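Note that chain A is present in both complexes that follow, paired respectively with chain B and with chain C.
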Partner chain A sequence: MADPPARPVKGRRSKVEGGSARAADRGLHATPPGPLGGSHARPDASAKVAGLTRYVGDLALPGMLHAALATSRVASARIRSLDTRAALAVPDVVAVLTAADVPGQNSIGAVFGDQPLLVTDRVRMVGDRLALVAARTPEAAWIAARAVRADLEAIPGVHDPVAALDEGSPTVHDGGNLFRTLRVVKGKIDSRRSKATVIVEAEYHVGGQDHAYLEPQGCLAIPEGRDRLTIVASCQCPFYIQHAVAKVLGLPLAAVRVEQAPTGGGFGGKEDYPSEPAACAALLAWHTGRPVRLLFHRELDLQVTTKRHAMVVRHRWGADAKGKLQFAEVETFMDAGAYAGLSTVVAERANVSCIGPYAVPAVDVKTHVVYTNNLFGGAYRGFGAPQVTWAAEATIDKLARELGLDPLEMRRRNALDGMARTLCTGQKLVGPVLAREVLESATRMADWDAFRASRPQGSDRLRYGMGISLVLYGCNLHWGGQQLDRSSAVVILQPDGSVIVRVGLTDMGQGNLTAAQTIAAQALGVAPAAVQVWQPDTTTVGDSGPTVASRGSQMSGMAILDAVARLRTRLDPVAAELLGCAAEEVELGGGFATVRGQADRRVTVATVAAEMASRRLECIATGWYRTTPREFDSETGQGDPYEFYAMACHVARVAVDPELGLVTVEEVSAAHDVGRTIHRQALEGQIQGGIVQAMGWGVTEALHLRDGVLVNPNFTDYIIPTAADAPNINIAVLESDGPGGPYGAKGIGEPAFIPTAAAIRNAVCDALGLEIDTLPLTPPTVVAALGDRHPLAWVLEKSR
Partner chain B sequence: MAERVSVTFTLNGERRTFTVAAGRRLLDLLRDDAGLSGTKEGCGAGECGACTVLLDGRPVTSCLVLAASVEGRSVVTVEGLGGASGALHPFQRALVEKGGVQCGFCTPGVAVTGAAILAQGISEPGERARLLSGNLCRCTGYSKIFEALEAAREGSNG
Partner chain C sequence: MDLPVQDVLRPRSLREALRVLADHPGARPVAGGTDLVVQLRDGRRQAELLVDLSRVGLDGITETDRGIAIGAGTTMDVIATHRAVRTHFPALATAASQVGAWPIQCRATLGGNLANASPAADTAPALLVAGAAVTVASARGQSQLPLEELFVGPGRTSLRSNELIVSVLLPVSRTGAGRRLVERFVKVGPRREQIISVVCMAGRVVVAADGRLELVRLAFGSVAPTPVRARATERLLERRVLDDRLRQEALGVVQEDVKPIDDVRAPASYRRLAVATLLDRFLAEVARG
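And then the complex of A and B:
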């Protein structure tokens, strides 16, 4: 593919700033011409638009059975007895299994052993599995699942993460409801408090979110003889499933093969959770000796899968008269739900992200992970950071208002930069620190100053506002997950010059296949179309950890570059021989091997590949990458939690109808420090998609839980943004040299999400001249915040 | 055994007859009986639009249509959008070119609705957004879907 210009995209009322010049032209990580930073067609797109991509629900095998789950519809109960006879009597039912049928360990927790695959004596949340059914038709399976009779004795539950810590609160597990407390302790709060002229205290109630991927959870388990099996799953983390299934079935890891099916969205919801349906299907397949497919229907998916953690965040922050932050105290109560899941891991990110990209001399952070009988929290894009960011950015605005400062100026005075590089964890940032640059860029695109100078009044009743959110994002896994932070790739050069690439990280829609293809093509100097990246499969590459934390492109890319480097130890000498030069002089680019500095002396990569094949040389290479080991003190939260960081700033412009409490997000301007662009279109797609998904969380997506039961488990009552709600989006991409992944690239999936809702909140508060400390900003929340200032408050007043 | 009925209709330009249970959904007929698995089930309640097909040229959610009710009518699925040649519809090509595809699960429904919008010649952005609002997409934020719609319209005009 010939060097596509990374030109601005003329979107639907969109404009794009920055990044329009190729990074290479600006001397950044100089690379030969290639697909890097361009927008060639995604390799998976043409099959997807034609409806030819086979998701797990499109796969069927002869003799395949259909699975269903019998789950608890109450959140807290003792199980007196379980009766599966009626379920077994349903025609076409083949098997009904309970905990007694688990051959290995009846335990499915991602990190801790507190969650059974099938419950035996105690129900702790809605969705706890009582029994599994396999039948010849899906209808029979679900009818049978409903026929499983559980004699349950209700036990008082607890549904509030703060109340759960009260003396005498019902306990979810032995050992109490406080599962963990994480800390960040830096500087002396007391001495800094005396320097503060304004202090803001607040309690933020930040709601959860459902992932609402369009493809519900699904998997297919295929017995391979009697001693091993294959799982095909809609998932982000095939290696998690491999471990989970091996544990439940009591099999060696090598006997469990997991292939990732093309996956219809993940956003974290297919990180930890898919291990559960996979273990269920595997258990049924193991017992029946037949392929078993389990597909969730939407209501079940909404009702029982993990959610973004709801949090209560308490703040006491102070600044001096000039607006310089002096101290920040944060106490967060994370609603983990009934099982630990990934909550402690989510807490690690929340804990060190809650101060944002600001220089604060004294910090005291407590992050509590609390059991309740609510649906359990899990991974969700941003991983704890969006909630604490929402609180931090609200407090920054409140301090600015107290001081009579412009919120932009308040951030300018406190943002980290080349001089102030030290995070709340004591880590010193390396390389360019672009907090101010993204701040200036986003506010410039939004016309911040002009908006504030002449705010639209309008002849209508709408009120307009603008808000900023500035974010520091730790790339890759936190220190606590370092043992998982490695990746594997396999590159096979075919005799015709085409290339097979396998990586251990998955594409769930975000574009990892595209990124891996781009990076491999760039490194091998071939066209993207020559590179075929196949679906991840645990038997073809090494355990590469989870595809999370915006690490997919980075970690795949680094392993691919390592594999290509190894392949070139065999390729370059052959090319050199054909070219009549030294191996060190061989360069790859544009489909050719050339002599460095002499572009006319060239031979196609395909010719070199054919020559390698004819000489029976090893045309396959593996690649491996692991992140740099870091030090971190988990008692004080001091050290280097992440390897490197990305900055992001979003500015939202909203219109609020105060009578209806209705928030319309008109425009979001997003500036991102991306290190280096791998694929321009995919990068923009992440930013646009992240913004709209975060807008949903911030404005409409209320999870209504009543006694732990989700009472709005459908897309009529759980409202995710539609095409008619999408705001105008402006994007600025800032590239820079500094620590990063392949060619200097940093992750984008999560930084695209984290700032938006806070910027919207600040814009709504700006429009209405009040503070709202509850997310989402649904009409009832906005109307309640208006109180006596609601346009129709006089009606209520009169009726009193 | 549930009562079975015979239904004959035009499916992607071809006259086809199926014998189905009276309560069978058009979505299941398409996916399981006709083997056209491009049409997806995202919610089963007419909310998400992943199962959108054209019924006599109008986009409908096939999870809410009884198979037996399409007797004598014309159904076009994502597989048939480009016509008998098997080529891609201009909007499908534009979705590829403009990056309007991420996970792809909503894409068949989006492609069908977009094709209907283009066929009706609707170019007013607000009206297009309203018509597309029946197709939920969780990945793209819709920006590049709109770009693709505009590109396909320009392409067909020029």
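And then the complex of A and C:
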């Protein structure tokens, strides 16, 4: 019978390399004693574990109304008429609003103006909003939403991003389905093609993914007449919501206050999308004058919110006889869904990621952002990079197989390093380039050579395989978004020595509160427990851009360090006076202000704080940070798209049951170039979570669409991994001093996700000795790939 | 929660429950509710009135000289760990331990799993190979029917609206000297736990001392409108000595016993291959002894 695959011999306990391991001979700058790099208890943990955290769904106000959405259940139609009378007649219903009730602009697009908040003449996707309802009970609100009558005339839809570009295809918007094409053009393909002895052509079909955050979308709008209002939202980007609501209501930005509620997961799904429910709740609150709460149920959330973009990626790559890459041509069709959303921004990251951290002399990349009537493509951890990485790493393995090279050796021959520092965009990397180091570290943890030399022979029917994925990650925002790439912090020193910190970046479970607390405590020389970081609120800090692109800790941290530096212009002189030294000699660490080089001359930070208070000195400081301005040519994709980069390598070991098509990911070894560790446990948590989430995307999570309708909008049939599926995970953390954020830290949230699925794909193909170019690798996909090689394929003949 | 249900009644006895069902044709019994509540919410089932069976006392497992009787209200966690069930019907114990998540197993009942009539119900194939009979009650009295006669189609049973499943009887027979009983349940799905079966199979075989298969019962889930016995395959194998050739033949014949469809969980072709694979592995285990 189907025995469970053997557990790894090493047992469940994961190896962890590099507790303080650093890249060789790159001695890190020393920091004073403090919490940096440690694992103190995260500040929000105990309340969350005990169920005491108050999420939006736990908040209620007297007189609060409940909102519901009347949404389209078809993907493409013309709206003949809309009748809200039956909905208004439902008992307990207070308001039913349509596009005519929008006082400002009926437009909600994050970047472009192609998406209405409420549709008027045309339905372009399932979930397009026809009307909004507010009622005294949630039951009444949803019953009324279903009672909104829309007379819809179905019109042909577009459901394939490649076919959408055919002549004569129905169009989603006037002006055609090709929204944009983004390019990267470097070197001369033709002259390099003649140098290639092997050329691989492939077409990859890479599926989308739902964020599957624990807490569905939700927000609460609290009006103060029609002049101003507060939004409390489960979100990543309060400043996006602020802008969106101000536009819809026609209010000044200062009249819209957005407070981030404790947020139960985001992964990109609470970047762009929450502006939509927030604008709905705000509009209902503005009209009714009462607080309005809107909570999505899971089926609605799965059906209508943004998804990771499905992509079709075409490759033609060539390498010479020694395995050196000569050229890479990439043409990608991104299924944007019905509105542009953030798709062009996702395409920007995809373009920089699609060649990987490899030195390739000639590159030609075309990424088409294509309108369809499918699910709405949006931000999702990795932001376009996982899809193109999946394709790139598959092609690297195919080239290696053609050349008879070990996949590890193939990567060694092409990886960027201290000598080859030029990306496909022509950008020259600054500082240590650790692609080779992460590659060697991950393969060493995985025992790559030993596995290849004596592959485990399943005593049963299992086949084992191992695969590598090596990635380049551009930190912070792309050049295209650099006007958003700044951040704000406020630090308030209390008379008892405790500290209030406010930052403009959010914690959605990833640990930004922990990181900000660690950095503030380190900089002020106090214990982490003395620092309270409060949820962001648009009225307490300046616009800090979105909490995306793995920039939370970096951008929070840099602004905090700036604020602390400004606070110290007042704190240090007081400390110096108490210590009897010069202000320049004051050092903060371990809870004390000390005289540099004389640790025994010390006074507690709390004493200094009390002294500052007694002198009525300003105890509040603001901080600000901007990334370095860069040059980039968006026509050719050449220039400096990102400020600096991180490398990551994952190696996956899988056991495949070929007859049933079951893939078990037994172990993932992950090596990450992190710059500097802020909080060790949070860092490892991000890596572990990224791996498991990416495994779900790569193996089991399939979004099944029929005419643009998601037919599996539930966790019964949209299969996310459980703890039982989690592989053994080995982690190596490589620290170095180079360009980076606070103390040299680089983001980890997305690099933790991007390589995994590609490594799993390569491991499965290694195990089976065939190529599978469709993601996810569900059992039917694996069995279909085996075709006639399935040992029992003959039974299908029997049944015909 | 936004459930289109007018009222919930909570009878304190079986008699009272049966009377309520007789009086209200639009009523629907609810036990653990793990399937029904989801279906009511997304509109797959309608019920104006729910009759909560949790206080009726239908839970419990009793061993009699006729066999093991499992009350319809017995939850999966109890079945999975019951000593006599594990001894005599290991396939059922395994199936019960793989229904949904642990919290689901602590609520979901055997009667509910059967009345819901999902083609993918994990306990059904295990009960089919056990030769289970279902005791059905109405205000007029009780009757018994073989489990196979309960299932009519996806989500549909032969129960009338005034009838309740009260228990399931599993006849216990002695295997006898020199004979060997092999009973297994296995399910296939893309995740290790908390998964609806893409295909599941239960097998119960008694091998005589001379190697002949004395009793062969095979049942599959998720491969037809109802859970099904693989009758043609059983007939092929009964009273034969299992060798490689016969095993191969069985993998072909079993394709006549199943009628899988393409759906969101898998295409029919995958299910056919999985049926063959599960049967092949089960028969290999039987042959190994």
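Basically, the second predicted complex is superposed on the first by the 775 of 800 C-alpha atoms of A that agree within 3 Å, B and C clash if a C-alpha of one lies under 4 Å from a C-alpha of the other, contacts with A are read in each partner's own complex, and residues count from 1 in each chain.
Basically, a contact is a pair of C-beta atoms (placed from the backbone, for glycine too) under 8 Å apart; a residue touches a chain by one contact, two chains touch by 3 or more.
From a predicted model like this one, the values you see are computed outputs, not experimental measurements.
Of the two partner chains placed by the overlay, only chain B lies in contact with A:P216; chain C stays clear of it.
When the shared chain is aligned, no partner comes close enough to touch A:S498: not chain B, not chain C. When the shared chain is aligned, chain B and chain C each come close enough to touch A:T716. Once chain A of one complex is fitted onto chain A of the other, the partner contacts of A:A724 extend to both chain B and chain C. When the two structures are aligned on the shared chain, A:T774 is found in touch with neither chain B nor chain C. Once the two complexes are overlaid on the shared chain, A:G57 sits against chain B while remaining clear of chain C. By the touch criterion defined above, A:Q688 reaches chain B but does not reach chain C. Touching of chain A by both chain B and chain C, each in its own complex, is seen for residues 297, 716, 722, 724-725.
If you check the complex, the residues on chain B that touch chain A are 31, 36-45, 47-48, 50, 77-79, 88, 92-93, 95-99, 101-108, 111, 125-126, 128-130, 132-147, 150. Against chain C, the residues of chain A that register as touching in their complex are 1-2, 4, 138-139, 142-143, 297, 299, 659-662, 699-700, 704, 711-712, 716-717, 719, 721-722, 724-725, 778-780, 783-784, 790, 792-796, 798-799. Taken in their complex, chain A has these residues touching chain B: 9-14, 39, 41-42, 44-55, 57-58, 211-216, 262-267, 297-298, 508-511, 681-682, 684-685, 688-693, 714-716, 720, 722-726, 729. The residues of chain C lying in touch with chain A in their complex are 1-2, 42, 184, 186, 188-196, 198, 251-252, 255-256, 264-267, 269-270, 272-274, 276-278, 280-282, 285.
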